[in-house]
Structures are given as C-alpha cells and as structure tokens.
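Letters A, B, C and D mark the chains as written, and numbering starts fresh at 1 in each.
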Amino acid sequence: MHTCAHAYHPPAPPLQVAQWFNTPAPLTWQSLRGKVVVLHAFQMLCPGCVEHGIPQARRVHEAFDTGQVQVVGLHSVFEHHAVQGTPEALQAFIHEYRLHFPIALDAPSDGANPIPCTMQALALQGTPSLIVLDRLGRVRLHHFGRLDDLRLGVLLGQLIDEAAPAPASPPADGCDANGCPAP
Amino acid sequence: MHTCAHAYHPPAPPLQVAQWFNTPAPLTWQSLRGKVVVLHAFQMLCPGCVEHGIPQARRVHEAFDTGQVQVVGLHSVFEHHAVQGTPEALQAFIHEYRLHFPIALDAPSDGANPIPCTMQALALQGTPSLIVLDRLGRVRLHHFGRLDDLRLGVLLGQLIDEAAPAPASPPADGCDANGCPAP
Amino acid sequence: MHTCAHAYHPPAPPLQVAQWFNTPAPLTWQSLRGKVVVLHAFQMLCPGCVEHGIPQARRVHEAFDTGQVQVVGLHSVFEHHAVQGTPEALQAFIHEYRLHFPIALDAPSDGANPIPCTMQALALQGTPSLIVLDRLGRVRLHHFGRLDDLRLGVLLGQLIDEAAPAPASPPADGCDANGCPAP
Amino acid sequence: MHTCAHAYHPPAPPLQVAQWFNTPAPLTWQSLRGKVVVLHAFQMLCPGCVEHGIPQARRVHEAFDTGQVQVVGLHSVFEHHAVQGTPEALQAFIHEYRLHFPIALDAPSDGANPIPCTMQALALQGTPSLIVLDRLGRVRLHHFGRLDDLRLGVLLGQLIDEAAPAPASPPADGCDANGCPAP
C-alpha cells in the first residue's frame, strides 16, 4: 500500500527577457514567490489578444492587490518580427493601450528559430496564452486561447487561499514539495 | 491578551417558498449542506436581472458540477405583483428563457407588506441580488446589483476549496464554528 | 414590348388594437401618413425581443425626429396569454424598461385562435418582427428575427428621402401608385 | 428674387498614397465615380480604430455590392511612425485582421510634419475618421470618432438612392453642380 502522490505541478522555467516595461527592475519568478502570478502571453498584432487577452489582463490587474496577484505580460513574437518584434513597437503598443502592469519582451532565439526563448521554455502553443503560477512558483494553469473570467476567477480564488511558502531552506535530500528526483 | 475571532458568517435564514420549479423536491439549506450555493434573487420584469443576473446564473450553472456548486434562483417579487407574482408567470419565464436550475417563488408576505418573506429574512436591498453560501450554509456574500464574473469566480474558488462539514454532531455546549452564544 | 411595373408595395392592413400606451390618442396608419414608420412586434417574455428588438427600437426612437420616423411597438401576444397578455402586464413592462414610444396591445382574436388580430393581418411569422412603412403607408420591409442596425439604417435612409405624399385627392379611376385594381 | 443654393458639398481632394493593398491597381476618386465611397482613416495602434472602426468597415464591406458602395481604408499614421508607418507593418496588420477591402498607406509628408498628406488635405482631426463620398465624388460626411451603424446606414441609404452622374461633359462655363467659381 502507498499514499497516492499529489498532482505534479512543475516550477515555471526561468523568464528570458530582452527588455522589461512598466517595472523599475526586472522580475524573476523568485522575486514573485509568495504571490499568485498571471502571465499573459500575447502579440500586438494578434486579434484574439487585443480583443480578449489584453482586456482580461487589465481586469485582473485592476481587481487585485499586487501583493496577492501579480499580472505580467509577455510579448512572445513568433511572426512578423520586423514589425512587432522591436522594443519600440512594444513601447508604442503599451502607450496606446494604456497598460500599467509589468510587460516583458520575450528574448528572441538565436539562429533561425522564430519562436522566442520563454515561449519555447513554456511550450506555449500560440497567443493568447495564459499561465498561472501559485505562490510557490509552480505552473497551475497552462491555457492556449480564450478562458472566461468565471473559470479564471475560480482558479485565482483557490490559489489565493493556498498557503504562502515557508521561509526557504534547501531540502536536505534533494526532495521538494513535488517529490524526490531520482539521482 | 486574546486571540481575535474570525469574521462572523451567519447561517442563512430558512427559505420561505410558495412554489419550487426545476426540482423534484423542495430544497432547504440543510439539504444543500456540503455544497457552495449561489442564490440569485431576481424579478422577471427587472431589466438588470434579465440582462446580467440571469445570464450569469446560467454561466455558473454550466461551469460547475452541481455536487460542488448549486445555483438556486429566487423570484422575489416586490412590485407589479399581479403581473409577475404568480406561479404561472414564473413558469412561463422559466420556459421562455430555458432555465434549468432550481428556482423558488419567494413566499408573499401576509398583509400589506409588498416584500416577500425570504427577501425580508435575507434583508435584500432589491434585485438583482447575489447571496453565496459556503459548504457550512453560512452567508459569505450578500451583494445587491451587478457583480462581475471575475470577482464571483474568485469567491467560488475560495469556497470550493474550504473543507466540507464534518458529520453533524450537536455542539455539547451550544458553540459552533461561529462562536458561542451568550446564554 | 412594355415597361416593367415597379415592385408592388401593398398598403399595411389596419391596426387592430386593444389598448394604446404612450400616446394621447390612438394612432392609425392614416394619421402617420407622411412619416416613415418602424413597427416592432414583440412579446415581453420573448428573449430575442428583450435582448435585440426592444433596444433597437429604442435606438431608432432616439436617433430620429418623430416628424420623420415614428417608432411604434406592437405587443402581439400569441403564447402565455394569461401572463403577458393583459394591459397591466404590458404597462408594467413599459414602466420597467422605460419605453417612451407609442405601444399598442394587439387585439386578441375571438374564439380559439391564439394569434392576435394585427399579427394575423400582417401575417407575422413570430416575434421579434420588424415592419417598415414608407411615407405613403406601404409595407417596404417585412422581417422576422434580428436585423442589424446597418441594414435597417440603409432602408430608413432611402425611405426618408422619398417624396412625401401629395395632398390627397381620390384617384379618378381607382388607380394609385401601386396599380389599378380590377373592378 | 433668387433660388437658394443647395448645400455646398466639396469634391474630395485627391488621394496621396505611398502604397496600395488589396487592389490590382491604384484607386482614384475618378475611378470610383458613380459609387458611394466609405473611407475609413485609421492607425493600427489606435484602440478605437481596432475596436470600432475596423469592424464597422468590415461590416459595411460585407453588406454591400462593391458596385454600389466601396469601402476604402486609409492608414494615416501621424504618431509612432517607426513602428506602424511602414508598408510591412500595414501588410502584417491586414493579414492578421483578414481585411479584404482596398487599403491605402497615406503618403508621408516631406520635412518635419508628422501628418501624412491625404490626412492633411482632408483636414482629418485624428483616427478613427469616416469620410463618405456620394456618387459624384463629393464629401457628404466628415466624422471624427465613433459613428453608430444606424446613423451610418441612414446616410448610405440616402446616397445609394441619389442619381449616378451623367456621362461626363466639361462644363462650358466653369460651373458645376456646386456653383460657379469666381474667375
């Protein structure tokens, strides 16, 4: 007999960012530890992002104290790079759409790969995508396309009420809340 | 020194119902114990109810398993009684709007009071109103007017993750989770 | 060889009304001669009417001078008569939805026919329906279901620019703009 | 005594275009003579254009035969030139938003003026702007901001029913339908 393991919630891979906007200092998952994080991956020329994803990100940003829930935009350009891929293009978009939450320009890949680095690491299927991290920095939602406010709200309500992490102490034996990796 | 008490969440007063629709048997708070309950109080001739409250109730009903979240409609008629106050009127409305969750016709008051009984007991300010009960049958939201899906979702997410009640056993000393009443 | 006739635009059959609301005196097609008329047939318990038809009627009413375009509501109850068929029910609906244009309660049929009289005479397929009359009182649109504002606007623009009727003088030979009736 | 003049409807100034999209040959007002023309001036980073103006232009394009009503987009970039002012940027936008009507990139001004040439000539106040020309190529609407579909439809209905121009013959004395210019 054994006790069944909890669902596996992997930690989010590190953000790889060409440039940050709307934040005095670069953000890392580590610096956001203790908060629920809503990451909206978008492209400025993606109609579904402009119609649905960006307004939803704005509503979440306005509904919560940033000490509890932090919205982060991720501009993951995988097409029309020349047009929408520059920091200047993103800056103009942020200005015109009056966005006030932190936004990262996903780091372009080296070589011929059109998919930027964080988008690759997160295995995003496209834009808009929604990644939600719990207070421990673990991926709890990985969603491509539209998600309605009710379902997003339910998840946020659940994650807000989960315990914040205890003061960090390195696991003695390589195990953490997700289990113990094989050597 | 003392430990601060938790927020006081009173139990919901009993439903007083003239007639039930869409349910094989009358519902009581006791029969719903263990579920999160979303009670939508409305009037069929109230524009804000028809535009916002009823569609939201339908979305919640469709989003959740009824073992977890139970939507209940409450037709609390406090004006135009002759027109919208009868069971026949409510039945026609339910039919035309294709509503499938349980709906109660709030019991009319005796005498000259136009406010029906459950609306009085819940101290509703008008329609639409939204009352949310936790798994222990306690009132956790009491809202008059429109509430957006994101905020409603957050509350539902929090309440869904709260523990269901333990098997009932009468408190030995008159105390319950809300505290101890003075004798 | 011959010259093709113009499209046949029949005059609207007379309104048959149980009771008028929002008008000091009953309206007739004759009294509206010279104006473009937009007749919205609806039922207060018809979701498509409440969501689309009534708001559109309100927009048309607000967009035009009533000397040019007159909106008229027609409450054509063909189901749930006991609930929505009375003058009191219609009065309550008009009050709650704050409607300010003239509205007629379609005269109920004698006998067992559930379809009211004007609805029969106009051969309406259901609600919502939109009937548009030109300045000569002729039916120029007969539409069941939703019609978008752009297409409705185009028709109104065309009809507004058509000539108003000349001072009435009975045709010498029984002919009018629509042709000559057989004796 | 004299006959009062009709309203003055000036002919539209010539289009000045850096590049055309979605048309096999450049358009001119002359080539569109005989049609009603709806010119939507926009910028791809203007939220009101993306939310309202572009969807409206698409609806008009879909509602009419292009022999009667021709929609033309005009990308009049007066800010963020580096980002949205290039033909490549406009091409990407047209592709992502699946626009199928002819679109012109307004010719940039020489020198320091950020306002492009057609925007200057039409004295547009900003984006979105709506210019409607009658079948004679005269400006009949000059609107900055949002215009609802009902009002736009009314104007189009009126202009559609106006007579198309007679075969061109140069006025003998310099006069045209708008009057006679002083020598």
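Here is the rule we go by: a residue touches a chain if its C-beta (ideal position, glycine included) is under 8 Å from a C-beta of that chain, and two chains touch if they have at least 3 such contacts.
As the structure is a prediction and not an experimental result, all values here were calculated from the model.
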Q: Using mean Cα positions as chain centres, tell me which chain lies farthest from chain D.
A: B
Q: Give, as an integer number of Å, the spacing between the C-alpha centres of chain C and chain B.
A: 42
Q | Approximate Å spacing (C-alpha centroids) for the pair chain C, chain D | A | 36
Q: Find the geometric centre of each of chain B and chain D from their Cα atoms only, then give the gap between the two centres in Å, rounded to an integer.
A: 55
(Q) Give me the residue numbers in chain A that touch at least two other chains, ranges are fine. (A) none
Q. Line, ring, star, complete or other: which describes how these chains touch one another?
A. ring
Q.
Judged by the touch rule stated earlier, which pairs of chains are there in contact?
A. A-B, A-D, B-C, C-D
Q) Any idea which chain D residues touch chain A in the complex? A) 44-47, 50-51, 80, 82-84, 86, 88-89, 92-93, 96-97
Q | Parts of chain D lying in touch with chain C, wherever the complex brings them together | A | 59-60, 63, 148-161
